Amino acid sequence: MSSIEQGLVLMLVGVAVVFIFLVILVFITKLLSYVVLRYFPEKEKPAPKKPSAPAAGSRDAEIAAAIAAATAYSKR
Amino acid sequence: MNIANAFQEFWNATGVMNFTIGQLVMILVGLVMIYLAIAKKYEPLLLFTIGFGAILANIPVAEISGPEGFLGIFYQAGIANGLFPLLIFMGVGAMTDFGPMIANPKTLLLGAAAQVGIFIALLGALVLDMFPFISFSLADAASIGIIGGADGPTAIYVTSQLSMRLLGPIAVAAYSYMSLVPIIQPPIIRAFTTKKERVIKMEQLRHVTQLEKILFPIAALALCIVLLPTATPLIGSLMFGNLAKECGVVNRISDTLQNALINIVTIFLGLAVGSRMEAQYFLTFETLGILALGLVAFGFGTMTGILLAKVMNKFSKEDINPIIGAAGVSAVPMAARVANKVGQEENPHNFLLMHAMGPNVAGVLGSAVAAGILLAVVPILM
Amino acid sequence: MNIANAFQEFWNATGVMNFTIGQLVMILVGLVMIYLAIAKKYEPLLLFTIGFGAILANIPVAEISGPEGFLGIFYQAGIANGLFPLLIFMGVGAMTDFGPMIANPKTLLLGAAAQVGIFIALLGALVLDMFPFISFSLADAASIGIIGGADGPTAIYVTSQLSMRLLGPIAVAAYSYMSLVPIIQPPIIRAFTTKKERVIKMEQLRHVTQLEKILFPIAALALCIVLLPTATPLIGSLMFGNLAKECGVVNRISDTLQNALINIVTIFLGLAVGSRMEAQYFLTFETLGILALGLVAFGFGTMTGILLAKVMNKFSKEDINPIIGAAGVSAVPMAARVANKVGQEENPHNFLLMHAMGPNVAGVLGSAVAAGILLAVVPILM
Amino acid sequence: MSSIEQGLVLMLVGVAVVFIFLVILVFITKLLSYVVLRYFPEKEKPAPKKPSAPAAGSRDAEIAAAIAAATAYSKR
Amino acid sequence: MNIANAFQEFWNATGVMNFTIGQLVMILVGLVMIYLAIAKKYEPLLLFTIGFGAILANIPVAEISGPEGFLGIFYQAGIANGLFPLLIFMGVGAMTDFGPMIANPKTLLLGAAAQVGIFIALLGALVLDMFPFISFSLADAASIGIIGGADGPTAIYVTSQLSMRLLGPIAVAAYSYMSLVPIIQPPIIRAFTTKKERVIKMEQLRHVTQLEKILFPIAALALCIVLLPTATPLIGSLMFGNLAKECGVVNRISDTLQNALINIVTIFLGLAVGSRMEAQYFLTFETLGILALGLVAFGFGTMTGILLAKVMNKFSKEDINPIIGAAGVSAVPMAARVANKVGQEENPHNFLLMHAMGPNVAGVLGSAVAAGILLAVVPILM
Amino acid sequence: MSSIEQGLVLMLVGVAVVFIFLVILVFITKLLSYVVLRYFPEKEKPAPKKPSAPAAGSRDAEIAAAIAAATAYSKR
């Protein structure tokens, strides 16, 4: 097979697979958006998420408090 | 050895006595790249570092790009093994917002269409192979074609795997044409669209939720794993960065990828790529062919992107301005800004930027997919 | 080769056609780790990167964790030689305040007591060795035991020196249980302390001067040099970072250790550790054993820490709340925060955080010392 | 010697040395604090330390001045 | 093995049982360096890291500076191949303002004159070679001489190319004397200038345009390429950083060179240099000779700089205060600040800082040029 | 040739070349300044340079606008 023929094969496979791949990705993306928007709609604000999971959500605040305490302590 | 001899020997080791014409030409090329970076702000981060690397690589006697020179060390550490482009891709992922694409997934198809330029240029390289003084294998042709992906790291990664000897000219062509997108694309856009098409207004994009943005990189990577494992180093790195950014819990990682790490790697990558511009490898007819084919690839990619957008506009219920098809070549974010600008020339109140960002980031995926195909199929065919 | 053949060959190289069940399971494991990192914020920096590395390592065909894959390159560059955990330790040192421990040096003993878990798990591993399908050498057992040190970099460093093949499960166990400390420790604390003990208030800590903070890392390193040279890479890196922070004249170094460097290394380390989670090495009975022993180690360490704190409370003239003994396992700063929280459950006005930081950082020293002992004695015994 | 016996030896050595090490460190730390607090007590503020060693202490100020001068100069 | 044996073996592996006197001495030397860094703020970034490296390198048993120790890894990664000093030079370039030198190009001559100290020390080393217990080849002598360049990265780079075994003492001498410039230079300045000369006021420097600052690094590199290719790794790195800063379009690169990258490399370089201070290589008569010759080099360089400045003051139409000649040794920016201070002792209203910055940065060029000559000629002569 | 003689040769070559190099650099620098100041004098402010090359100069502004738009969009 001449190299030009190889090139044509490569082109066909290439263009086909690029399109197949991205067409599938279009459907996956649509499906994903559908599922998310229908079953996991975003709460009005992301903030309220935290109170519902205080153990995890307030962790940063806790660290901040600890650091503040430590800083105050070490600067005494 | 007397003092006169010492001076004589010293003189024999000066640059003056050891220059080849080719080295002088390449140093000039490096200076021009630096000039374009500084005065024209063409892809300054890359043209500046590559240009400087080209100068250093062509200094006689010093062998800075040799295996023991410091550019040679950069090259071995991250170009020969494909590491640096993947690290850059992590940073790119952490800076990419797939939101506009998720809001309008059809634009993914434009990112596919614009990759046709890659394969046109690949064929072109095989045609040029028949000319005297030019010899391109299938692997060479594939590496040349990927210039049409309009994505520097992807081009460097593919070339490092398939056709190392052409790394210099391919990287230079890729970054140069990426920086020239504002000059290359507008006439092509105007040639293939009517004024009526160019004034089309597009509906505002819907809001995309954080959860969609978190799930998209995982879904895209999953598809890539299933269908195209050879593209997973590229897509995986991109999605690692993107997920790090979107998930919101690893900001240290996301910030590092976008700043310290990508900056350091850019310096090393640029200099190391420049070091592949040694005169004896760069000043060949093949380089001229590569530069010509790169332009062909960009032109055809822009055209096929636009043409598919026109077709989609016909068949879609929402209006699609065909200009945004040109952004499918990637060259993020330049191509999207060009699309926006051409659109505003016809109607100053038409804001296409966000709509063009969809095909633009889709083009990054598209060229990574094309890269994966080349990496998978070329070894089979050869 | 005709076009149908080419598609056939391409199809044969897809992920679909090359998956093993094990790889699918491991990709799922990686996804679960990422889920825990994002949704539960369990050690997000590490679980996110390790989980992503695990996914990439189990992609068929791509060989990303092989010697030429980019994860394999990270692995060789910094895990196989123990470099990355030491760089992390420098950053940890630059972020550690030994002040609370210097103010109350007795708490160092709690950092010692909680290391008993290490040796219990080590013994446990040797018992499991007698079961079929499980084979643990003394070096393996030592590496498994160090999970009980509750310190990721220490576990990775010891395992890289003694028992490389178990790196994946050991690192996963170490970081997972560190993130689960808020779930593992409270019931153990409650089981081994009375309500009366848990409400004990402790005297406020005295102010520690800068000179003490400067001299402590030097003194601790000196002791380590004299008594336990095999621990000096760990303790030396820790104290390098700590002294850089405390001395106040090399802020550029201290800032770099705490930010740019530790962030970059965390990315590389996490991905490289994840790359050791290839299905064929990870999905074994030994991994199950390691996970079980890790839990044993954490539990026993917590218990012995508490028990010594109870004894000390009996004999010390100042009151010691036994809860803070649990913080001796290290898992900085999680274990100290858990101690504080459990204390506040009984008495909301009882602030144990700073008192628990003493045993907590002592636990880091304690596990580094235990690591040094294992590195010194295991090669003698084998 | 069976591996369990080896493990027991390792455990004994390990627990013993960890305790020996940290007990010694307790004493060193106490000694160090005693000496520092007794012979090198902290001045009220760390700031006054500088005037007593002007050559070294004012170096940063000097650099700052130099940089300011240089900036002013180069921005002229 | 019974328990008593195990303790015995453990005891035999402690530091106590394996120390050599030399290692103790070197650990003390490391502590002194750290003390000077912290308490006296003498070149703290380098003396701190080198000192700490020296301590780690002299720990018995641990072999931290051996080929598998982490300091040995740093050493191989960036000192043995000359990479780290070049990266530092990029950062130095990005922090250097050649403006004062461009405004008054004559000061370049002072940067030349002060390099005479290099060659005096080189000769001195060859004289010492005739003494018993001391053996210096021509390459050794050249590396020792470069201490007089008063520029750490240049000294490390030259030594890594010519005379690796002397890296420890040469780097220590270079950074120590650089930090001692405020003590070494003032008496020499006073000895070779009259009070009348020291009160000379100099005309304010003219404004230098951005274009001049952009073109200067290119022009200087071009000259270096033509005349002295062996100096291009150093000068090229310096000018890469400087052009990145001055051109204004690659601020990401310039910022990275000045911060993240130079800080990370400084940590690695300092520790790795310290690792070359192992007792058996450092505690020799040759080290004493090197320390003595380094002082000679600094002294003579200061003197020749001043003497040329006196001559230039005689023949130039503008006044030149000879003090600024001392700044030609480099040791940026310490030497310029010393010149300023000595000037103000005579006349508190005489601000020489900006005038001394010219010779000061010229001294960096001068020592890089001298380095290039040594690298070019020494291999010819040997 | 004795090593001292070699050292003397090296010294002569070294001092000579350092001076030759830097003397040439003095002239190059003077020439460069002359040419720049004569033929490319700095405009009063660097800012006005941008309007004269809007395509390149306004790029940053354009990006800023795009980012602002994108941010506004994604925060909606």
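We just call them A, B, C, D, E and F in the order they show up, numbering each chain from 1.
Simple rule for what comes next: contacts are C-beta pairs under 8 Å (C-beta built on N, C-alpha and C of every residue); 3 or more make two chains touch, one makes a residue touch a chain.
Keep in mind that what you see is a predicted model, and the values were worked out from it rather than measured.
**Student:** Out of curiosity, which chains are bumping into both chain A and chain B?
**Tutor:** Per touch definition, common to chain A and chain B: C.
**Student:** Listed by label, which chains are in contact with chain D and with chain E?
**Tutor:** Common neighbours, chain D/chain E: C.
**Student:** Taking each chain's centre as the mean of its CA atoms, which one is most distant from chain A?
**Tutor:** E
**Student:** Report the chain whose mean Cα position is at the greatest distance from that of chain D.
**Tutor:** Centroid comparison gives B as the farthest chain from chain D.
**Student:** Can you check whether chain C and chain E touch via the same residue numbers (shared by over half) or via different ones?
**Tutor:** Interface between chain C and chain E is built from largely different residues.
**Student:** Please state whether B-F or E-F has more C-beta contact pairs across its interface.
**Tutor:** More contacting C-beta pairs are found at E-F.
**Student:** Taking each chain's centre as the mean of its CA atoms, how far is chain C from chain D in angstrom?
**Tutor:** 24
**Student:** With centres defined as the mean C-alpha position, give me the chain B-chain E separation in Å.
**Tutor:** So the centroids are 40 Å from each other.
**Student:** I'd like the Å distance between the centres of chain B and chain D, where a centre is the mean of that chain's Cα atoms.
**Tutor:** 49
**Student:** Taking each residue of chain B in turn, which ones touch at least two of the other chains?
**Tutor:** 1, 6, 10, 41, 208, 227-228, 260, 373, 377, 381
**Student:** Among the residues of chain D, which are close enough to touch at least two other chains?
**Tutor:** In chain D, the residues touching two or more other chains are 6, 9-10, 13, 17.
**Student:** May I ask you to sort the chain touch graph into line, ring, star, complete or other?
**Tutor:** other
**Student:** All pairs of touching chains, please: list them by chain label.
**Tutor:** A-B, A-C, B-C, B-E, B-F, C-D, C-E, D-E, E-F
**Student:** What part of chain B is in contact with chain E in the complex they form?
**Tutor:** Touching chain E from chain B are residues 1, 6, 9-10, 13-16, 18, 27, 31, 34, 37-38, 41, 44-45, 48-49, 52, 55-56, 59-62, 64, 68-70, 73, 259-260, 263-264, 266-267, 271.
**Student:** Taking the touch rule as given, give the residues of chain B at its contact with chain F in the complex, in rising order.
**Tutor:** 1-3, 6-7, 10, 40-41, 97, 99-100, 182, 205, 207-208, 333, 336-337, 340, 351, 353-354, 357
**Student:** How about chain D: which of its residues touch chain E in the complex?
**Tutor:** 1, 6, 9-10, 12-13, 16-17, 55-56, 59, 62-63, 66, 69-70, 73-74, 76
**Student:** Would you tell me which residues of chain B are touching chain C in their complex?
**Tutor:** 81-83, 86, 90, 214, 218, 221, 225-230, 232-233, 236-237, 240, 243-244, 247-250, 252-253, 255-257, 260-261, 373, 376-377, 380-381
**Student:** Touching residues of chain B toward chain A in the complex: what are they?
**Tutor:** 101-102, 105-106, 108-109, 111-112, 115-116, 118-120, 122-123, 126-127, 129, 137-138, 141-142, 208-212, 215-216, 219-220, 223-224, 227-228, 362, 365-366, 369-370, 373-374, 377-378, 381
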